[in-house]
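The following pair of complexes shares a single chain, chain A, combined with chain B in the former and chain C in the latter.
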Partner chain A sequence: MPSFGDSALIHVGTIQTTNGTTETLSFTDISPDYRHLSFIITGAFDYDTNAPRLCGFWMGDGSYDTSASYNRGLCWGYNTTSARFGDNRQTYATMGYLPNTQSSGTSAWKTGFIGVIQGTIWNYSDSAKATTVTYTCQNPYENATQVEGGSTATYPYWVWGWANYRVANVVDHFQFRAVTDSIDFVQGTKISLYGFTQ
Partner chain B sequence: MPTPDTTGQKFFTQTVISNDTTTNVTLSIGTIGEIYITGAIPSSDTGSVAYEYGYVYGRVYNSTDGWITGNAYNQQSLYTSGGVPSSFNNVTTYWPYVAILNSHVTTDDHQWGVTRLRYHNIPQGDMSWIVEEFASANDTNTIPSGYSYNYGDLDAYPPYGWIQKCSGSVQGTAQQSHLYLVVSGSGATNFANGTRFDQYYY
Partner chain C sequence: MSFVHGLLGSSAGQSGEAEVITGWHFMQTPLAPLSADSSSAVMQINDSSDEDWDGYFAIKFLFGMNTVSTSSTPPQIILNVGTGVGGGIEDSGSHGYSGKYHTMFEKHAGTSEYWGIGGKGNSWPYNISIYPSHSRSGFSARSTAHGELIFWNIQDGDGASSSSFKLWTLSMCALDYDGNNMAGGQNQYNASGICEFTTGLNNIYLRAGSNLKAGSYCYAYGLKDDR
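Let's look at the complex of A and B:
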């Protein structure tokens, strides 16, 4: 096994939901020992709709900053659709989508039905620089048998983008969840952080 | 089981620019590695500094070939300065453009362009790289002194200053030992103080 300080990526931490009622994935004591962090999120939401659900994050120094501190920019698409979006000084950062998987009241995780968000948290430990997050996101292709009511709608979303936490400080808090409503993750949804040694 | 020295990525070097006058850096490179570039051009830079980003071009060196020039480089890019990446180019030049710098012409000097450059540099002399980069638009509504337009204002301009993915390759006769990066384009000539190159080996 690699030893601390010798090789990276160093596993900083993993949170995996053990029930179907968790709405947030939160780190509250991230070590400042790394220059950047790599992350990967795999999961889904326990909710009955066929379109993927928009996700986002909050971060901060000592707490989650909910002030107008986030710049957001991304491009996204599915099938023949593509678009871009961006704005400034928002109260949270968007970061891709995860699929909604519940169907007709059951909360079983459909086989192979999982979204993936992967990216880098840049300069979170540098007090002179804003923290930048860059990411890519992929969602599975839905078919009629996996969608409530047998809908034929398909939303294999992809997203590529960044978000800036505009405040120049050392970030030790990071929280990921659906940006609207109180939506539970499907049990087993997971986020892992890895640090790059300095 | 992998041993500690062969597992994951291992920190190799960090290069930090400590002034506003540096125009280029030369980095030693390994066989497989990744360079995380946090960069900017200073507010004092000359030229068209109202651009919200600047380019960094690269070329490689080995002791057998020297600096590789001519059309030995090939790079394909997908990019945009605001919309969905739909612009595409394919260049064969000895100055492929490989990284982005944010402009610090406004008061937003806490914002930095970021580029992740992953390379494979095999002993026989062929090297390839994959780059992903983002420059942020500036986050204030301040019009820089001497300018009439607030470039990079997120409220009225693109969601990002620049977004690009590219991949490229270069052919040599021996393994490349150094990567030379130089600021050029959009009126930019210098790295900003604090620009940093963090390199990791696999």
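Let's look at the complex of A and C:
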């Protein structure tokens, strides 16, 4: 049991890709010892297109729930554009964007650029409560042709978002990946979980 | 894919971890609170033998910044990093216009809001509208800007192979309760940027485009994982 004065955060786990062919970052059998989980994701996708890629996550008790269990809300923007969005009873929760970078592609977004997603999974270990996730996402990257001072900078996305997993149960599974297609993360993409002591 | 963990259960590939890793750790004091205005003080942290960065994948600056500027154009933040050992900073002199820094920002000021690019291919986060509070007439002496600057991926997972650049995020409030008689006086910013380095960082260096005023300070914290 924790005592007053103990660290608020305990490292629960880290997954880091060591190749360029990984499509999902998944935690199973997450310990229920904590009240909430803090997470940090840094990385990008290995794909040839000139806009960031929408990411999603799935949760569940014993498996990943892909039914209509997620309510979602977010605001996002890039350059001088911004928008707000929300819906309910969807089959996945959105989790912002990560850059698409591929040095050999025709769009050729510069390899090495990454984005960061930070957030908290609230009440994951309380079987009487629905789990909620809040997050922020920043993708400060640009097309290689723009790096040296080009005039058009279009897609350095930022996102603030929220999702509610409607099912009241303990969440011990958590998966993060691109929402559509089978897209690989670049090598070195990483997710870390930290538990809030209670 | 490697799967490393601390306190997970029994899935394939998972194993126990000998040492419990806790959250943010105090690391260094890049700038102790200034008792007087300074013409030379900066907020600087270096990887060195007595302050080893090994094991940290993120470093956070919690800082307060005020400057002596009374210009109608408030000073801007200047951020530089270095990969050299022993405190070397790759400042504008050595970087010049080599294009290592790219920045975006989101700004809220009163009822207005704005998003934009704060510079691409510059020697620091150029032209980003993040203003430290200052000493212009009408501004309270207590109107200090406060911010949280986090550098992510500073060592590419402590040795793991990666070609990823270094990424920073900044949340900062430059607030003056005396009113909005000057641009930059009551702004909230969220910014982020990329530095085109794939080598692990050894130095982080934060200052303003004007001398720092008494009361400015900075403390640094580090976050570990097991990669």
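We adopt the following convention: the second predicted complex is superposed on the first by the 174 of 198 C-alpha atoms of A that agree within 3 Å, B and C clash if a C-alpha of one lies under 4 Å from a C-alpha of the other, contacts with A are read in each partner's own complex, and residues count from 1 in each chain.
Operating definition for what follows: contacts are C-beta pairs under 8 Å (C-beta built on N, C-alpha and C of every residue); 3 or more make two chains touch, one makes a residue touch a chain.
A quick note: this is a predicted structure, and the numbers were derived from the prediction, not measured.
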Check: Looking at the overlay, what does A:Ala168 touch: chain B (first), chain C (second), both, or neither?
Finding: first
Notebook entry, point to check: Among the partners chain B and chain C, which is in contact with a greater number of residues of chain A?
Noted result: C
Next item on the list: Based on the superposed arrangement, let me know which partner A:Arg72 touches: chain B (first), chain C (second), both, or neither?
Entry: first
Next item on the list: For A:Ser182, decide between first (touching chain B), second (touching chain C), both and neither.
Entry: neither
Note to self: Applying the document's definition of touch, where does A:Ser82 land relative to chain B and chain C: first, second, both, or neither?
What the structure shows: both
Note to self: Contacts for A:Ile114 in the overlay, against chain B (first) and chain C (second): which applies, first, second, both or neither?
What the structure shows: second
Check: Thinking of the overlay built on chain A, is A:Ile15 touched by chain B (first), by chain C (second), by both, or by neither?
Finding: second
Margin query: Looking at A:Ser192, would you say it contacts chain B, chain C, both, or neither? Reply first, second, both or neither.
Written below: second
Notebook entry, point to check: If you stack the two complexes on chain A, which partner ends up touching A:His36: first (chain B), second (chain C), both, or neither?
Noted result: first
Next item on the list: Would you check which partner chain A:Pro156 touches, where first means chain B only, second means chain C only, and both and neither mean what they say?
Entry: second
Notebook entry, point to check: Between chain B and chain C, which residues of chain A are contacted by each of them?
Noted result: 7-10, 77, 82
Checklist line | chain A residues within the chain B interface of the complex | finding: 1-3, 6-10, 35-36, 71-75, 77, 82-89, 120, 122-123, 128-130, 132, 134, 160-162, 164, 166-168, 196-198
Next item on the list: Please give the residue numbers of chain A that touch chain C in the complex, ascending.
Entry: 7-19, 22, 27-31, 33, 38, 40, 42-44, 77-82, 111-116, 118, 136, 138-142, 146-150, 153, 156, 158, 172, 186-188, 190, 192, 194-195
Item checked: Residue ranges of chain C touching chain A (in the complex, touch as defined) -> 1-11, 14, 20-24, 57-58, 99, 102-104, 106, 113-117, 120-121, 152-153, 156-157, 160-165, 167, 169, 190, 192-194, 196, 198, 223-227
Notebook entry, point to check: Considering the complex alone, what residue numbers of chain B touch chain A?
Noted result: 1-2, 4-5, 7-11, 14, 36, 38, 80, 82-86, 110-112, 114, 116, 132, 134, 136-137, 139, 153-155, 158-160, 163, 165, 194, 198, 200
